[in-house]
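For reference, the structures are reproduced in the following blocks.
Consider the two complexes below, in which chain A is the common component and chain B and chain C are the respective partners.
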Partner chain A sequence: MIARRNRMIPALFILPSLLFLGIFIYIPLVQNFYNSFFDFSVFSPTKEYVGFSAFQQLLGDKVVMTALINNVKYAIISVIFQVAFALILATILEDKLFRRIAPMLRVIYFIPVMISISVIALLFNFIYNPQMGLLNSFLELVGLGNLAVPWLGNATTSIYAVIAMSQWQSIGFITMLFIVAIQKIPKELYEAANIDGAGKIRQFFSITIPQVKEALFVNMLITITGSMLVFNEPYILTNGGPGTSSMTLSVYMYQQGFFKDNMGYGSAVATLIFVVTAIFALIQIKVSGTGKDE
Partner chain B sequence: MTKTTENIKSDVLTQDQKRTKERSAKSVKASRKTSLSTKVSKNMILLGLLLFAFVILYPLFWMVVSSLKSYDEIYNNVWGLPSVWHFENYATAWSMGISGYFINSLWVTLATIFLVVIIGSMAAFTLSRYKSRWIDVALIFTIGGIMMNPQVALIPLFEMLTWMDLINTHWALILTYVAYRLPLTIILIRAFFLSIPRELEESAIIDGCSEFGIYARIYLPLSVPIIVTTIVLTAYFAWNEFMFATVFIDSDMLKTIPSGLMNFRDALRTDWGVLLAGMVIATIPMVVLLIFLQRYLVRGLSEGSVKG
Partner chain C sequence: MKKTLCFSILLLLLSTLLAACNSGGEQSANADGKVEIDFFHRWPNEPRKSFYDEKIKEYMEQNPDVHINVDYVLNDAYKEKVRVLVSSDELPDIFTAWSDSFAENLVSSERIMPLNEVIQEDEEWSSKIIDSQFGGFTFDDTTYGIPFTVDGKAFFYNKAAFEENNIEIPKTYDELIEALDKLQSAGYEQPLVEGLTNTWAISHYLGTIFERVVDPAVLEKDYNSETAEFTDPGYVQGLEMFNELTSYMGEVSTAIDHEAARNMFAAGEVPILYMQFAEIKMVEEAGDVEFGFFDFPEVEGAKGDPTALTGAPEGWMVSKNAPEETIDFLKFLTSEETAADFTKTDGQLNAIEGAVTEENVNPASLEAYELITNASSTAPWFDNAVNINVADVFMRGGQSLATGQTTPEDILKEAQQEAENQK
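This part shows the complex of A and B:
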């Protein structure tokens, strides 16, 4: 009796979560691959098999190229600001010199992370507004009025305006992750370095960076994966425009699927997104050892 | 997180000892020179830190101040304080739709939290207490869920939810949110469960405690910290999620705050003060969460290391 009960309970306990994961995560993934080979619209009852033609179209699609380049720009700029800059920021905040003000600054830097992306994007619509926007008003105030452009309405600046907003929102997040990693470094290392007369900069390169190597790598992967997936920011601020200048893969997938009603082609774009991000995610799981018994 | 005062004291002590050593070694003049230069660079860095804090805070401050202005003043007096404080903007925003979005968000968030905590902790219980080939497979299945992203599943989920007749209902959001929060939640709770000493449950079994009793009376009460972390992380995700909320919900009456704000903007056109008031209302719960539950939030975000 007891033995049977023991076998039933664990299965019953895990069943709901397996169902959730299976139905809402894994089946859609498989379904997406399947859909990539068909041509269909949102409410069409039938799907027409088209083989690899969506993928062929994908290869020759200039917009996909634009989107991919924008995603890569997003990734590179995010790595510079959210990984490199955030690590320096975290090191400074954890330095004894700033221990009084650091707790307050940490919370301040983290506030934008907590705010909904739609609030942030609406706020930046005001900041980038060509008539009354804070950014252009500020540039005029300091005598740089000639630099003022309609940031979101200009094909050369739109993607950078979107990326800049992301940096503003997310630096605090990665900084916090680095702070946690730095706090795990044994203090003796720094004390020994102090006695040896190593300066702060030397300590940063010889102690901090080697000690947070794993966090550095994981944060870099999170940032890159996030950049390859980015949807909300460009969707709300520019919807990929003007033209396709600030298009990203996810926005393009959404537009193809839900506006142009090419669900099949949208699925092919989604497959591309999956392949790109799965590689990074696999490395991340390997490196961070998530779920390992400790 | 924060250093204990004793730690800080001992840090200061060693620092002082070191300093006196240095002073005796070098000439007084030289040491004064270095301390002056570190002071200057300290202040420079401090200035940079404060400047960055200003860059973060000013737009938010502007949002709050402008939410109390009229359209004319937002347009013509970008930097100044309002000449008349339009507190009624908040009442207008609330009655013009934000209240509905707010309540929808509250319901979706609470339902998601409830299901994630129950289903997640139950799965974590099995995954931490039992060992077999099937359990290993289930664990990999769960961890693998982390690498799946909502963007890739968007079109199939839309089809599936339409087929289930759940599209344009709150369940479309709750069920998908639960699914995408489960992998991380299970991993966090499981890691915590693994640290609970086995002796506790052994004595409970001797006392005649059932398997369910061990879960409900021993594991859950002991895991309050990690469950609070889970609640905070899930609240943060469900309150702010945008893409599903936009695609799966069409009816304005059912929209949550992130997607509702977009409708709100389109409906208001030039009533910017009211729009900004709505944005502030949407923001308040999460900032309160940050201020009061910072510790739990940071812990979860760093242990999970997955962007929200």
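This part shows the complex of A and C:
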């Protein structure tokens, strides 16, 4: 009796979360995959089966290619700035030298994370504004006026301007995760390294990085999948424009589905996003071999 | 004991979940027996938000057994939200809609109430609505919407700037280019401006240009998604004209929105702006420039209609499942009294006879009103006239053209392909 009850209770405990996951994640996922084989708009009461034609269209779609490249740019730049730079930032903040002002700096870096993305996008709209924007005014002030361009209105700079805003916003979050990881490193390791005469930089590479490997992996996963899914920032700042120069996959999916009424094709784009993120996640799990304690 | 506790907690969790799913159902009468009307419009901005809030209050006082729930989101978001709502049973009882393809799409959902009977039953009310404005809401002889605001688009110019530089109002497109050149050499870095981040602004330009350069018969064929081809060489010419015009707009145009462009015009920084009549009051409030307007000039040697006015009405639609009282509220919203108040408050012109007079609008708007109601023909906004997928090719193409990323030929090729896909 007791043995049976013991088996029942854990199952009951996970039941609510399974239920929620099922209703809000797995069922929509399967439904989306199913939808991508149909051609329908939000207005039409019927769906027309079209087989793989949406996926064929996907392969020949230049905008998908642009969007994918933009997402990859997003991922690369985010890994460099958010993961690499955040790790350095976290190490500096945890250093003895900064012990006094570190709490204050931590708060400062974390504030952007707590501001709504819409507010941030509006703020950056002012910063990038070509007529009275902070950025161009600053460039002119320091004599670099010839570098001032309409950042969001220029096809070559728009996606970078959007990416830059994301970095500013998210670095605090990743830094915070690294700080937590660094605080868990036993102090003895650093003391021993000090006695052995290792410098700060040597300590960083030989102790900090190996010790936060797990966090490093998680943060990379967060940033890369986040970059593949990025929607709010380009949607609010540029809506993918000018032309399609700052389009990302999610924005394109949304526009196909809700602006151009191609729900089927939108679903196909969503499936592509899912496949891409799944592949990235698998690669990372394989490469880092996490979960196995060494 | 433990087991029962477990089950009861689980049951509790499940029941709250189910209850949450249930509460979204339709409710046409609320607890105290009042009829509820869901009203959805697209003006969270002033002065219209307050105007409608006031009118709702007034209506509810007159009809104590009716309760009106109001909801609103801004332009582009509105388009998206209505599309989502119309695909579900959550469609509001009465809501605002654009004419032509936007209206047609909504109608194709089969959730919109046909209004022919309502119009015929109450002639006293319906005869006051200007007849020509019903066109954009009528499909297969069935009318699905009541037009309310009317609008048109024209070039607005700064009178002082034109006088100082001895510029006549351009009658042809070449004269317009000459005028722009003169203004540029007179020191205006950007003699013309537009907020090209708003893709609808591009579609307004392109729509009018195509009206001028493409044969009306060809346009009619191409605006119908069943027969659209977009092979006429006039489209390339039109896109080239648009490209030429953007070269006068300066670098900033692709980074600002229409509102910023309007403010630049109102501040006297830019002497010419392509603008809707609905904006007259906003310009007057934002600055003190003296301005006049002229229609998009004729293009010499082109096959298009030289005088067609671009502009389309916006109006109200009613959901098929709406309670009866909604019709009464619709009549209230489109009554002469409401319409006169509306134009007085907002400045936008309306389609109700007798509601636009010298008393409630300024002379410029009155002149515009006469232009709209007397125009030889009116052309709908381009993004409402053609299939949205094709319109998007032109609108995004227009942005890319302005930033030098593409050519008119490439845009047209893409549009042809997209038109083919839509058949």
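Quick notes on this one:
Here is the rule we go by: the second predicted complex is superposed on the first by the 258 of 294 C-alpha atoms of A that agree within 3 Å, B and C clash if a C-alpha of one lies under 4 Å from a C-alpha of the other, contacts with A are read in each partner's own complex, and residues count from 1 in each chain.
Operating definition for what follows: a contact is a pair of C-beta atoms (placed from the backbone, for glycine too) under 8 Å apart; a residue touches a chain by one contact, two chains touch by 3 or more.
The structure presented is a predicted model; accordingly, all values stated were derived computationally and were not measured.
Once the two complexes are overlaid on the shared chain, A:16 sits against chain B and chain C alike. Contacts of A:270 after superposition on the shared chain: chain B is touched, whereas chain C is not.
In the superposition on chain A, A:152 contacts chain C only, with no contact to chain B.
Applying the stated contact rule after C-alpha superposition, one finds that A:130 touches chain C and leaves chain B untouched.
Looking at the shared chain after the overlay, A:105 reaches chain B, while chain C stays out of its contact range.
Within the superposed three-chain model, A:258 lies in touch with chain B and with chain C [touch as defined at top].
By the touch criterion stated above, A:239 is placed in contact with chain C alone, chain B being left untouched.
In the superposed model, A:35 makes contact with chain B only, not with chain C. Between chain B and chain C, B contacts the larger number of chain A residues. Shared contact residues of chain A with chain B and chain C: 5, 9, 16, 42, 131, 258.
Remark: chain A residues 5, 8-9, 12, 15-16, 19, 41-45, 128-131, 149-155, 238-245, 255, 258-262 touch chain C in the complex. Looking at the complex, you find that chain A touches chain B at residues 5-6, 9-11, 13-14, 16-18, 20-21, 23-29, 31-32, 35, 42, 89, 92-93, 96-99, 101, 103, 105, 107-119, 122-124, 126-127, 131-132, 134, 137, 168, 170, 172-173, 176-177, 180-181, 183, 187, 191, 194-195, 218-219, 222, 225-226, 229, 231-232, 235-236, 250, 253-254, 257-258, 263, 266-267, 270-271, 273-274, 277-278, 281-282, 284-285, 288, 290-291, 293-294.
Interface of chain C with chain A (complex): residues 2-3, 6, 10, 13-14, 17, 79-80, 83-84, 86-87, 105-106, 108-110, 196-197, 199, 251-256, 260, 388-389, 392, 396-397, 399-400, 402-406. Residues 1-3, 7-8, 11, 14-15, 18, 42, 45-46, 49, 52-53, 55-57, 59-60, 62-63, 66, 74-76, 78-79, 119-120, 122-123, 125-127, 129-130, 135, 138-139, 141-143, 145-149, 151-160, 175-176, 178-180, 182-183, 186-187, 190-191, 194, 210-212, 215, 236, 239-240, 242-243, 247, 257-259, 261-262, 265, 272, 275-276, 279, 282-283, 286-287, 289-291, 294, 298-299, 301-302, 305-308 of chain B are the ones touching chain A in the complex.
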